[in-house]
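Letters A, B, C and D mark the chains as written, and numbering starts fresh at 1 in each.
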Amino acid sequence: MKKTAVSFTLNNEQVDVLVEPRELLIHTLREKLSLTGSHIGCETSHCGACTVDMDGISVKSCTILAVQANGSELMTVEGLASDDGLHAVQEGFMQEHGLQCGFCTPGMLMRSYRFLQENPNPTEEEIRVGLSGNLCRCTGYQNIVKSVQYAAEKLQAKEEG
Amino acid sequence: MKVDLDKVFEIDGSEKNTWTFLQDIPGVASCMPGAEITEQVDANNYKGKVRAKVGPATMSFEGDIEIQEINEENKSLHFIGKGQDTKGTSAAEMDLTASVRKGESGATELVGVATVTVTGKVANFGGRMMTQVADQILNQFGKNFANNVVAMGEGESAEEAAKVVAEQPKELNGLAFAWSIFVGYLKSLFGK
Amino acid sequence: MSTSAESIEREEKLQGVGCSRKRKEDPRFIQGKGNYVDDIKMPGMLCAEIVRSPYAHARIISIDKTEALALPGVHAVLTADDLKPLDLHWMPTLAGDVQAVLADEKVVFQMQEVAVVIANDRYIAADAVQLVKVEYEPLPALVDPHKSMDSDAPVIREDLIGKMDGAHSKRLHDNHIFTWDVGDKESTDQAFEDAEVTVKENMFYHRVHPCPLETCGCLASFDKIEGKLTAYVTSQAPHVVRTVVSMLSGIPESKVRIISPDIGGGFGNKVPIYPGYVTAMVASIVLGRPVKWVESRIENLTTTGFARDWHMEGELAADNEGRIKALRVNVLADHGAFDACADPSKFPAGMFHICTGSYDIPNAYARVDGVYTNKAPGGVAYRCSFRVTEAVYVVERMVDVLAQKLGMDKAEIRLKNFVKPEQFPYPTALGANLDSGDYHTALNKVLDAVDYKELRKEQEEKRANGELMGIGIVTFTEIVGAGPSKSCDILGVGMFDSAEIRVHPTGSALARMGTITQGQAHQTTYAQIIATELGIPSEEIQIEEGDTDTAPYGLGTYGSRTTPVGAAATAVAARKIKAKAAKIAAHLLEVSDDDLEWDVDRFKVKGVPGQEKTMKDIAWAAYNNLPEGMEPGLEAVDYYDPPEYTYPFGAYLCVVDIDKYTGVTKVRRFYALDDCGTRINPMVIEGQIHGGLTEGYAVAMGQELSFDPEGNIEGNSLMDYFLPTAVETPHWETDYTVTPSPHHPLGAKGVAESPHVGSIPTFTAAVVDAFAHLDVTHMNMPHSAYRVWQKCHELGLDKAK
Amino acid sequence: MIPEQFEYFAPSTIDEVLKLMVENDEAKILAGGHSLLPMMKLRFAEATHLIDINGVEALKGISDKGDHILIGAMTTESELIVSELLQQKCPLIPEAAKLIADPQVRNRGTIGGDIAHGDPGNDHPSIMMALDAIFVLQSPDGERTVPANSFFLGTYWTELGENEILKEIQVPVAKPNSGYAYTKLKRKTGDFATAATAVILTLDGDTCSSISIVMTNVGPTALKAEEAENLLAGKVIDESLIEEAAEKAMSICDPAEDLRGDVEYKTHMAGEMTRRAIRIALQRAKGEI
């Protein structure tokens, strides 16, 4: 099948890539662009391990075609930290033991990153609902909730400071 | 996944014509949209396929039909059909006895008793919709079958029916989950 | 030993045992720099995809590869016939059986491996799979294990016909695998005959799957010139994989390198060796190119490593005061089509003999019969030691059933029957030797914490109002740390584990272990142990695992064996180094060994302030200034063969509220007290407990792999298979007591599986307790809303308005 | 879990979409993709041509038309949830949208896709029927409108013609003194309903002047419980009437047995969801909650 040229911004860099129309975005990211942070956990859009940020919303990249990302702005876990260091959600997950095997973590982080922009000062309940598209088998979520709370406070403080 | 089916269709035609049509295996098969007999191997063995395109789903089954018994006295036909989808992930088997009788109201009835066994992906993922989709297909098949029988008769209604038969859609559209269609087809032969 | 403020400060800096050290693994993972099997790419790499059977039981008439091979980008299609000349079409299982790598003439479970396609990439491979035309002749499927031994049952394993000497016992039927029993049957039967009260209950521990978020996979690369096979495998036991691969392939073990890179959760799923691994390796050997196989989630749930599927009949005999006199258990174990259980070789029913629990039960007998059915093979230990979850489930359920029959409180009956602190070490009637425990303290602490009396009062009031509230109590004892090699082996290799520590000249260290982390934070916690033992800061200790070319031989990580075995090896290896260090210190300080005392990170001359040598000084000296005759260097290896198992325990309490109109069960409160002996890293322990409780919740409340009568698996994707999200998961309260193990070098017992093992019966107990006043004694899992509603409906509770 | 090959189109206007549909017999429309792509990955669905309508601006947006609100078919669930217009004038839609799937899926999943798929497990069909919404369909032959209550013909079977797309949805704004509810029982986040009920009712004093009751996933399509509606309309609703209405609603249920439950359970749950939805709607109409 003929390949299509697709261009998008990925972690602030312009990327051009040739893909088959049927190629799933997660495969393009992981296999063509070697950004293996985002993972494949279920392939039926239940687990959220493949969550990336696309044009300012969280999406599951296993259920989006790479061609659909044409012209979009993408961000993966690899783009979360900046020159200033780790993002607050990354720090939060480290400080509050929000990860164990690490497999769900990139998806969790990307969802948390976006969620805290949608809701900067969430309750525990809201965090749980906000992260309900991401499955974790190791932590039981309790420390993930704490991690997001940590990040929320940190981001709030930054805002105020 | 096993479904037992037990169904009666009322046919607006003679018992004789209904029985004659029932023995026309390719004809009966064609009542199922997307189905056809591709080869008659011998007197009792046929090869056939069903391709159903419904909503977003498509599935093709290929298989064999073996006539076990044709009982002129009871006007009954017993056959076993076995098929596998062309992608090798699902399979279905149907054991069917269909017969023609005069019903209590005096009308001709097509009676079907069958067991349909489904294995593989279709059974793994189809459960949620299987019965519902299958049920919808019954009407279409029933109509087609009845039309075919009516067309065998004489007069205006027969001509009309023949026209409808000629236009019978080759594929069923507007429904989804092709496997269900196949089951529906089987079920429709005797279904509820 | 000095306890000056100065030395306490030094100790804190070490970040040793007992501190909640932040994880060393995290920085990589939070930056997306994890390195899991599917993340690894090699030049020229090909992809493998498996052709699977739609039937649960069928004869293979023919396989036609023509069309698949004609597809551009397809390199090979391998079937059993292709593997036959290499004798690789069958492989040994860990349980003494054999399993078809690719179906040999027959398929015996749905989605069994029939052929493997090797192609340029996974897209082409997926297209090619459906072009492989397989003709089958369906056979009747045997799904109900109760019918496995019927005289007219279809024979599943034709390769075993007539071979009635099984791996573990005589086989009684072609579909019979083994009979295993333990205990004194005669005395137990007698105790039942003499008993004032007896109770009996049948329970089905349903088929579930560990379902780690990362599925199983293997990237194999065979270098034809070097003759060396390197494979990255999602394995909880890489050394065992190496040994099996060498045995299977004939490649010298020195030329097989197995690497378990980062593993996205294991929970027992990644202990066995799967056909997918073997086919990737074989394909690489045949084609001379790297070959990657990674299963899909559906393949994972359907074909690799299920757990449980035990039909258990439990019985207790007691006197009228509730003192237990005997326990009898009969089990029918559904192993699927191959016996691929992950148990130590001599234990076909794992550690099920722990089923007398925390109780002083004088007579006990247990029997397990394993049978074949047309289902996927497995029987792995899903976050538990082998069959411990089943054992704890049956005894905890039965104690509740007995309490209900006697009208006793469920906490009181436990306090009455506990093994008492002074009875330890306590030999159980089934041969376990409980090392240490204080069950009364644990349970009483929990009852106080939740105000148990008040809860029971509330329950009374609710019942009067027609509301359903349940309180579940479980006081479990586990057996972990397999195990002493006198009894425990896997394929003949004793179940020791190992640690190798090297202290560098400048005083930092590198340590390698035979275990492998899958999220348990080994890089963090092993370093803490060495830090405390050797006085080297944790931050300066590098931990490596998972590469068989570098790590010492070990049996891997599962069944909570890392702490009881691997951590013990680490401590002992460190102590060997410390003993040498003492000699070097004595030499440097020109005193005798006996004049020295250890203080956090240094040896001091007793009573002479200032006369001391730090571990850093000693490390340097180990490479240039040694006592005469001593070999240079500062390293040690230890292969630790545990003298005994360890026996962690805990007391759990759960409160549920049930909506009788929908069956929805809400966990209002869950209080988990664990005693895992010495606590190495409390933060990590708590994380493990949260995770285990959540998995237990999933198992008890929703997970199930069921089959229809034709052997079609149901619910094998995450649409149906229950993995709770943050929304469904309850809030957990944790607590602990510390009763060190007397025989473990650190007193530690292991913890990761306790919350899984302990919580599952707690949920059942709570749900059943909600109906206890209506004479309900047991309800089978999963306690989905559907199932619970059926009970409500049966009792007419959903009608009362 | 890889889809078969297809040709991909990303038109930006409705005309282009329709033209592509006419030109390509086997073409399929890709909206949010969370029903279609998984089916394609499972290889149940195959498309030789895939027409991605995510770039068609004319299909997006929520606008106030006075007595009704116009919702573009490609409006996502997330957009429905955060729409202040809907929250104020048609709160049933955001309430129901919150109960669909999970945040990421709601970011992609669209109201039009949910409706046009014809899956009785989807939630919007019930909502639309309860609201008496009107669907605007467009084909090369022009535009036509179909009331939600006659759009759903069977499982995966709707009034949509072969070369026709759902363009937009007209939903009436909530009347004064009205109440609404969508009660949904599901096994877990992301699951289809075991059973769910949408209710809208209007009060005239204490009397229920009008009510619609529609149930999800307990029949080949969403089911409108007309007998139950007729029973309650014109009456002062009390518990015994609610009970009777629930019985009537249950009597028309024809659910498919699956892992969520058998026919009996699902039917009872439809009854229970109906009871609860009526109670909540009533309380809301009275301003009690």
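We take it that a residue touches a chain if its C-beta (ideal position, glycine included) is under 8 Å from a C-beta of that chain, and two chains touch if they have at least 3 such contacts.
Composition by chain, UniProt nomenclature: A = Carbon monoxide dehydrogenase small subunit; B = Carbon monoxide dehydrogenase subunit G; C = Carbon monoxide dehydrogenase large chain; D = Carbon monoxide dehydrogenase medium subunit.
Quantities reported herein were computed from a predicted structural model and do not represent experimental measurements.
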{"item": "Pair of chains joined by the greatest number of C-beta pairs in contact", "value": "A-C"}
{"item": "Geometric centre distance via CA averages, subunit D-subunit A, whole Å", "value": "29"}
{"item": "Geometric centre distance via CA averages, subunit D-subunit C, whole Å", "value": "44"}
{"item": "Subunit A-subunit C separation of Cα centroids, rounded to whole Å", "value": "30"}
{"item": "Residues of subunit B whose C-beta touches two or more other chains", "value": "87, 89, 121, 125, 127"}
{"item": "Multi-partner residues of subunit D (each touching 2 or more other chains)", "value": "1-2, 4-5, 43, 102, 189-190, 259"}
{"item": "For subunit C, residues that touch 2 or more chains besides their own", "value": "122-123, 130, 296-298, 714, 717, 719, 725, 727"}
{"item": "Contact pairs between chains, per stated definition", "value": "A-C, A-D, B-C, B-D, C-D"}
{"item": "Residues on subunit C engaged by subunit D in the complex (per definition of touch)", "value": "122-123, 126-127, 130, 296-298, 661-662, 664, 702, 706, 714-715, 719-720, 722, 724-725, 727-728, 784-786, 789-790, 793, 798, 801"}
{"item": "Subunit C contact footprint on subunit D (complex, rising order)", "value": "1-2, 4-5, 43, 102, 185, 187-191, 194, 239, 243, 259-262, 264-265, 268-269, 272"}
{"item": "Touching residues on subunit C, where the partner in the complex is subunit B", "value": "51-52, 54-56, 110, 129-130, 132-134, 136, 138, 298, 708-714, 716-717"}
{"item": "Sites on subunit D touched by subunit B in the complex", "value": "26, 28, 35-36, 39-40, 42-47, 117-121, 153-158, 162, 192, 219-220, 254, 256-259"}
{"item": "Contact set on subunit B toward subunit D in their complex", "value": "53-59, 87, 89, 121, 125, 127-133, 135-136, 173-179"}
